[in-house]
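Next come the structures, one after another.
Two complexes come next, and they have one chain in common, chain A, joined by chain B in the first and chain C in the second.
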Partner chain A sequence: MTLLGEAFPSRGSASAAEFVGQRVDKLGVVLAALAAVGLLFQPFATLKANRIVSGKALGVFDALPGAIAAPLVALILAAVLLALLRTRPTMRLAVGASALVGVLVVIGFVPAHLVSLDNPLARVAPASGFWILVFAFTILITDPIAKLNLGPSARVAALAAAAMIVGGILMSGLWSGLSVMKEYATHADSFWQDGARHVELSLSSLALAVLVGLPLGIACQRAPTLRDLALPVLSIIQTIPSIAMFGLMMAPLGLLAARFPLLGQFGIRGIGAAPAMIALFLYSLLPVVANVVVGLQQISAGVVEAARGMGMTERQRLLRVELPLAAPFVLTGVRVVLVQNIGLVTVAALIGGGGFGEFVFQGLGQSATDLVLLGAVPTIALAFVAAILMDALVEFIAGRRR
Partner chain B sequence: MQSLKSLIAGLALAVAAALPGHADPIVVSSKIDTEGNLLGNIILQVLQSHDLPVTNKVSLGATPILRKAIAGGEIDIYPEYTGNAGFFFNRADDPVWKDAAKGYDTAKKLDYDANKIVWLAPAPANNTWAIALLDSVASANKLKSLDDFGKWVSSGGKVKLAGSSEFVNSAAALPAFQKAYGFTLKPDQLLVLSGGDTSATIKAAAEQTDGVNAAMVYGTDGAIGAAGLVVLEDDKAVQPVYAPAPIVRESVLKAHPEIADALKPVFSSLDLKTLQTLNGRIQVNGESAKDVAADYLKSKGLVKK
Partner chain C sequence: MIEIDGVSRYFGASPAVENLSLFVERGSIVTLVGTSGSGKSTLLRMINRLIEPTSGSIRIDGRDTKTVPGEKLRRGIGYVIQGYGLFPHWTVARNIATVPNLLGWDATRIERRVRELLLLFGLDAAFDAGKFPHELSGGQQQRVGVARALAAEPSVLLMDEPFGALDPIIRAKAREDLLALQRRLGVTIVLVTHDMEEAIKLGDRIAIMDRGRLLQYATPAEVLARPAPGFVERLVGDSDRPFRLLSLTKVGEVAEPGEADGPSMAEDASLRDALSELIARGVDRLPVVAAGGAPRRRIALSAILARARLTP
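Entry: the complex of A and B
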């Protein structure tokens, strides 16, 4: 009792410091500071005279008419105040979501305010202040989601809701005046083609890595000599820079295709999808094999012993006992590979492999940041969605087993 | 072990089947830069309008990738610059590249003898290295040519030039200018951008990053005017001529001999000013290369449909 009394002194003697300790949310302080910096000291949008020059940075009140800027600032202030106080996670979630949607919607009104119709070359883009606000409110949303300890299906539902909001804004045309969307408008036909190619390359190399990596991992766990040989080799492959790897694939594949025209007919050639896929496959092997080995090793010897005692054959033990128990580890490896591949596919554009990297490298060549973003933002979004879905899947499978 | 082998063989087949196949069509390709995108699309659309089967591999990668690909028969046709042949055949120092006609003939002969690649009729444009200066600086000091520029720099004119490392170091580029026009840029008068793209150097000059007021440019760059720069005249013809020409594998040209006649009028219409304008529409205005190419071909009546 005395212990408790010391730890929590009576209300009567509560000082300001204790009030802060009890009522103020620590993360909220950080987020409030972030939002203040984003709102007060960083530009909300930039206006460029044309596509390739650097722009003029504009604060919220310069970028927007007062009738829109004032309510936005009020919304942000209210959200920051509520974030500072200790409130229920659901409340924080709602506050963060409404502030985030507010910022996302309002940026769409900037182009019409800044650019007149007789100036089709001018570009309006979100600036650092906008991105800081988006970041701060995203944290305000994800923190309570983590605290609520949502199950996998609820997290997927939250992702779907977020996708629907962003998709809705995109479909509404609210953002169509922004520079990235202008790039999209010019590249709309190849955007979806390259997007499909991006996903296709990420997934097909992953599938190939699982098909080869799973048996290889099992073999490595059974035969330590093989493991001591295979894992270092795969680790070395992992350290080859991706541009070099894609380049290295070109020469042997080109020779093969020249020697055996039939292979060329099937698309096994020095340029295009084949070298990209093989390079990605090689990168994917280490995480898959290593996680299979770890997954199998963490199974306690007693479990395997018991299975043997029940009269299971080696094959039965592997399929019914060991692999199911190792599954969460294997899937974690698959998650790593998927996210890694989605990022790495970008470089495939340099050898004609397609994917969102096409826009990144074309944009770099033209010094057109907007075009770079048209490739980079969807890539990040894809990786983000893949990570959430795979996490949910891992947890779903692990949870069902328990 | 046997089953593992057959598994791998099966996988290889499955992968092969899943990837896009390649049959007869002419594989049209180009470099991944602005002009490559434009010229690649022009070639593609002209061949299409002649009802030739084509596969689009436009903006494939950098020059070395394109060379490997066409030598290996993985692409059939792409636009290349006459002056680059000097680098392909290790003859960059040869003065022949400074003459448009002789340079073209030499490139044509060397590439045909070595790789059975045919150089078709080039465009009357020269996308060569040049130095551009901020308009304000140029007019304040009455600088029109590199001759003026050299004298101005030597007498203490305040200049800082942005260029790629290739431009600064390659004997044919800045050192050649310095020698011919009698000026020397000290290391602190240079901003070396390792990526080596002219849009980056133009941007640096336009925004005076780090005090930059001059930039390495290519003759047909679309951004020069929009960035407030003027190109200084190379009155002593120091630079090799880089005229863009479609280059095609001989076997493909033999199968479709009409390619040469189809592209000839199109490329001869692409002079310096035209290329600058078309490149500018892509780079500055942000129009798609495909649309710019289609619009140009249609307005000039160069496509059938």
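Entry: the complex of A and C
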């Protein structure tokens, strides 16, 4: 192409195509289209007379006073134009972040514009246009972050910055007029209780899985017969749907509690936290065990031979050489389990396990979308934060050696 | 001193090493040479009991290795393998300190010993000690591997293809360094190789193995001059054999009194080097200089050819 270009320097119709090829970002085109759809053809917010009835969809200029809507549209247009051009990743990151923060802040001004303060029943919720804009600008942020190839500590710092922005908006009360936050206001006590239970269930089942999975993984790596038996069994457990699994837990534990009432006093019953915990533990075993096995197997035979030849005992070899070298793999397994458990705990609410799933299922039962969101959004946030932190930890440990 | 006495090792019904006896003198280098599957590595690994002999006994400095727990035995024997098996998550210094740490030396003694070894192996004590193995060149990794094996001052060093992962130029240098080191420390070395050239260059004696049996155990000169019939003969019997023989003898041993013109040869150059020089210059004698200003002598083509003859 460049050869031809040099041989025939005349610029004609080719220059427009060339300009597009060289200066226009392909992802930017997709994002611009997405943002245009979100802004022009989808409602920015909905207004409902109360939490159950279906609402009225409103565009940006209907939902907001002109003095706020106009700058927002200008900001979005500027961001879209810059996203279309090929610019440095830091530039794209800055553009995406300011547009995203702009959209997140402005949604907070909608309720005051639409609803008078003496109408506590009316609900204002973000609508599809808002979500599409948030999605488009999130992609605009994640793409340059991936390109910048940030180190683990920089990624954690970026996460902290994002958390501070969202936390700041929440604390400021800017969003308190929004329907999800109104649901929060009525459920504030149980929200934190269920949140703590959610984290507790995710972490304790993970801890139990590591406690059992680590020795089991080591044994599997040492004894191929055990491995050939254990890994298929654990994979089959993984294929059981979560609702079926929670159901399966109820019967034996219920019988057990009926036979030995003492167990019931320790919380081991057909419903509640105990069956949820056991089910989550069973799901967690495969990723932990499989990653321990892989982590131990990838260690070069020479290293193991040298450890033996230097006169290390079996135990010294395991603790000083093999487990440290397998650690990044084991932690990858832990990451998978943690994110998976945070999601699965939601379903555990069905058998009285508690957690954010309580709001999801209550909301589903009452057809109250906002209540569903009150459970779903924190769950997603938790999983997201856990994934980023664990990834950073794995990279941090693996990066210090190799 | 290592005494290997009627040692066999069976894997299932097939023997890897069969009724093999070998005596390694204190402070000497013995090279175990053979094709893959000859049992040479199995024999080496039976010395430090990474593999237990099925029958027979091995004594190191008069002591039966079976009387010591395996781990304790191995902490007292240096071990170097192909690819070195350095611990990738430990610094160079900590790698070298592996055995002293296992033996429970105190920190200052370990630090002093590590510094000493880094110096001995031409590594920068301040700069290289904190590096991780992947940050070193192949040659440096090899030296760290040997330094780690020698850290606790073992009297015996076992090496399994220690130069196999090096490129040819660095390999030659590493062999020279090992010889110099061995002379300096007086450590007994058993070295496994599949390379006859290496076995001849490094070994005070060569043990040639095939299918678990010892076919010949002799000095390099004897193996080249009188190879055991059959496998050994084929192993050493290529066109290079006269040259290998020449490379074992120094110019000083063959030089005769008299004068000659041209650039002079050093007394400790090999006959192979001298022959190459004579051919290159197109002459049949060259002067020889002694280190201590001894009377002038010369090296003659005819004397070299006489030494290269395989049946004296």
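Simple rule for what comes next: the second predicted complex is superposed on the first by the 386 of 402 C-alpha atoms of A that agree within 3 Å, B and C clash if a C-alpha of one lies under 4 Å from a C-alpha of the other, contacts with A are read in each partner's own complex, and residues count from 1 in each chain.
Quick note on the criterion: contacts are C-beta pairs under 8 Å (C-beta built on N, C-alpha and C of every residue); 3 or more make two chains touch, one makes a residue touch a chain.
Only a predicted model underlies this, so the values are computations on that prediction, with no experimental measurement involved.
Partners chain B and chain C fit side by side in the overlay (superposition on chain A).
Superposing both complexes on chain A places the Cα centres of chain B and chain C at an angle of 140° as seen from the Cα centre of chain A, in steps of 10.
In the superposition on chain A, contact of A:Ser367 is made with chain B only, not with chain C.
Judged by the touch definition given at the top, the superposed model places A:Ala307 against chain C, while chain B stays out of reach. Contacts of A:Arg155 after superposition: neither chain B nor chain C is touched. In the superposed model, B is the one of chain B and chain C that contacts more residues of chain A.
When both complexes are overlaid on chain A, the residue A:Arg335 reaches neither chain B nor chain C. With both structures placed on the common chain, the touch criterion links A:Arg92 to neither chain B nor chain C.
Overlay on chain A (Cα): least separation between chain B and chain C is 24 Å.
In the superposition on chain A, no chain A position is in contact with chain B in one complex as well as with chain C in the other.
For chain A in complex with chain B, the touching residues are 50-54, 120-121, 123, 182-183, 186-187, 189, 204, 208, 211-212, 215, 250-251, 254-255, 257-258, 263-274, 277, 349-352, 358, 361-362, 364-368, 370-371. Put simply, chain B touches chain A in their complex at residues 4, 7-8, 11, 15-23, 29, 32-34, 37, 57, 59-62, 65, 68-69, 72-75, 195, 197, 199-200, 202-203, 206-207, 223, 226-227, 282-288, 290-291. Chain A meets chain C in the complex at residues 300, 302-313, 316, 321, 324-325, 401-402. Within the complex formed with chain A, the chain C residues making contact are 48, 50, 71-76, 79, 81-90, 98-99, 102, 132, 134, 148, 158.
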